[in-house]
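Two complexes, one shared chain (chain A), two partners (chain B, chain C).
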Partner chain A sequence: MEKTKNQITQFVIWFALLFGVVVFTTAVAQTKYLDKNGVLIFEASEKLFEEVKAVNESVTVIFNEETNEIASLALIKGFRFKNSLMQEHFNENYIESGKYPKAIFKGKLVDFNPDAKKVTVKGTLEVRGKKKEIETTLNMQKVDGMISMTGEFVVSPSDFDIEIPKIVRNKIAREVNVKLDFKLERNDT
Partner chain B sequence: MKKLVIILLTIPSFIMAQDDLLNEIDTYDTGNDFETAAFKGLKIVNFESTKMVSKKELYFVVSHRFGSIETGIKDFFGLDQAVTRLNFIYGVSDGINIGVSRSSFQKTYEASLKLRLLRQKKEGIPISLVLFNSVLINTSLDKDELPKLEFDNRLGYAVQALISSKLSDNLSLQLVPTLFHDNLVAFEPQENTQYALGFGGRQKLTKRWSINVDYGLHFNRASNSPFTNPLSIGFDLETGGHVFQLHFTNAQPMNVNTFLGQATGDWSEGDIFFGFNVSRIF
Partner chain C sequence: MILRKKYSIAGFLALLFTIIGIVAYNYMYQDHRDIASEKFDFELKPSLLSVAMSNTNEAANYVDRVIQTEGIITAIEQNSVILDDVVQVNFSADDLNALSIKKKVTIKGRCVGYDDLLELVKIDQATLVNN
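Take a look at the complex of A and B:
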């Protein structure tokens, strides 16, 4: 009899714990911010040569206010160049988007404060299956159910094992400037 | 014990959280995208490829076929006898292209319309299908030599179905059933309406170089015609913004009716022409 009661108590505790965890994660899920049309622009132009620049206007970004975690995903094919031949070449021979269709960022807004104008983001950017640590300060503004973030960071093709052949080496900058412009909306679902 | 349980239970939820966050937005299926270009140039060598000019882009293509290399150093391997064609192609949309060109071969003007009907997908449709139509005006015919010449006699028409398939990342093949009609043929016994089947292919050698071949099989050439089937072999160099095509061919003219109908060279005798196509995109 004593044993059974003990078992029931244990069961109740386990159940409560499990339930608590579920409730806790659901609670977390309710304070997320989402942008499905985020803008990423990268530029690797050299002066006097043809512009090497692409814009992706359908970047997805999600931010969890409870944990300060942020994740972002851009389809490589979503990057639009002025010159469609350059775009094709970028997909086929530089990023190999057939094999690696996505660029992924996972990180944290380390000092997130809803009233601050700046925030430091830290995390890893994964392109072509290669990871690169990124840390940069973003301009931030939080108004009602919206958080807007703008900023930039620099990567280099070699971070992702992208080889620039000799014949175009002086037409493509060694440092690629990446700009971002996200407007995240509160997403209570 | 209970503390341990709490820790054990919450750890996975923290670890999972970030991937969950990503999974929430990672809903794209990239498995069924359109195949990227089977060919890089608008032409394989002489035959039109299924490559289209993108919407609102303007291509300016300069093509040269030097004289026969057979003449050797006397004409500097054909430099002195070049045929030139200037061609503008505009993308009305990604699937509709219009073009105008002028070739120095028989002072030919051409207007063309290229329509994409099917586009190859990674899974699903295994081919791209593009229609190519052109109208040619031969302005070299002289009324003094041909007193009965009417404007109609200068005209030629061509219709082609371009059927390409990118078989792997490196190999693309194309078939080109062709029907063309010259109101006035260069060789009297030749029927005005002519049929041909084009074969073309591209094999990538490196990321930037490819070898291209095309051949036109003419089905109703007059029996003692001086004209031959065109066979061309060339290399594409693609640098990211430009495609340079360098090739050898036994056809000096470059319009559908002329390279299929009036090619004169012969590979077996070394009577071939060196040429190139270069494009500038606006």
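Take a look at the complex of A and C:
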């Protein structure tokens, strides 16, 4: 009995792996643009207080030109603050990067036109397991084989159920400004 | 006599506050980790690291730890290299200039996490280990 169960699980795993490989290969065959070193900066500074700002310089971005789908992933541990204690508190107390190691955005460039200078992006940002709808206009430039995108949007800690303790509440802005700077390279393989 | 006592109490308090101040300042503005000077916690091949990191439970053992790994450069990007197609390494200094594709290198850096969009392990603050 135990043996057949094992065999079934094994079969399921192999099937899933094979299926995964097939899906992955077909996905890669499309025209994709990739950036493995996208820059994401967020800032929640209040005047007169110490700057609350972090930079992540290895954000992944994938854009599929056929479907206009865009996805981006930032590892939380990749955000670096000037103040190391702030970085530690951010990871351990606020965003709990041990439990929620990544921030993921999935969406679409709704009016993508290779010749346009601007493009509207719409999608969901998932942080700490909580989802938030984002819509913003990005500056865009497409030069042979490269698409550069820059822009910003605003989120708030409460969107992701992040509680800011009273003691630091007036030192952290309620609106967090997020800036992005992506340079995607064409990837046909 | 009383006056002298007052002065010594004031002096003691001043000293105490200075010490508390210094300790608090050092606590609040402590230096970042210097990965380059830390000893590595794990040494393993890129492929093994990738397998471990793709498993959420196992990944926790490696995240934020110092990893040393040896692999072949399969791609060079603006400020990073890919080892054996599975590990992305971002260097802290411009060690990048000396590198070329297909070269075998050993690096040491901090494991940041697993990127499941590209199925890549990300390592940052890396330095080249001379071999």
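Note that the second predicted complex is superposed on the first by the 160 of 189 C-alpha atoms of A that agree within 3 Å, B and C clash if a C-alpha of one lies under 4 Å from a C-alpha of the other, contacts with A are read in each partner's own complex, and residues count from 1 in each chain.
Just so it is clear, a contact is a pair of C-beta atoms (placed from the backbone, for glycine too) under 8 Å apart; a residue touches a chain by one contact, two chains touch by 3 or more.
Since this is a predicted model, take the numbers as computed values, not measurements.
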Quick one: on chain A, after the overlay, do chain B and chain C clash, or do they fit? Just give me the call. clash
Chain B versus chain C as contact partner of A:I13, first or second or both or neither: first
For A:T67, is the partner it touches chain B (first), chain C (second), both, or none of the two (neither)? first
Tell me the contact category for A:I41 with respect to chain B and chain C: first, second, both or neither. neither
Pick one for A:P101: touches chain B only (first), chain C only (second), both, or neither. both
First (chain B), second (chain C), both or neither touched by A:I134: neither
Given the superposition on chain A, which partner contacts more residues in chain A: chain B or chain C? B
What is the contact status of A:P165 with respect to chain B (first) and chain C (second): first, second, both, or neither? first
Answer with first, second, both or neither: which of chain B and chain C does A:F90 touch in the superposed model? first
Contacts for A:E57 in the overlay, against chain B (first) and chain C (second): which applies, first, second, both or neither? second
Looking at chain B, which part out of 21-29, 129-137 or 255-263 clashes with chain C after superposition? 21-29
Counting contacts the way the document defines them, which residues of chain A are shared by the two interfaces, the one with chain B and the one with chain C? 34, 36, 60, 62, 71-73, 75, 77, 83-85, 98, 101-102
Note which residues of chain A are touching chain B in the complex, please. 13-14, 17-18, 21, 24-25, 28, 32, 34, 36, 50, 60-62, 64, 67, 69-73, 75, 77, 83-86, 88-93, 98, 101-102, 104, 106, 165, 167-168, 171
The chain A residues in contact with chain C across the complex are 34, 36-37, 57-58, 60, 62, 71-73, 75-78, 80, 83-85, 87, 98, 101-102, 183
For a test of understanding, state which residues of chain B touch chain A in their complex under the given definition. 2, 5-6, 9-10, 13-14, 17-18, 21-22, 24-26, 28, 30, 33, 36-37, 40, 54, 57, 169, 207-208, 238-243, 281
For the complex, which residues does chain C have touching chain A? 27-33, 59-60, 63-64, 77-80, 88, 90, 112-118, 120, 122, 124
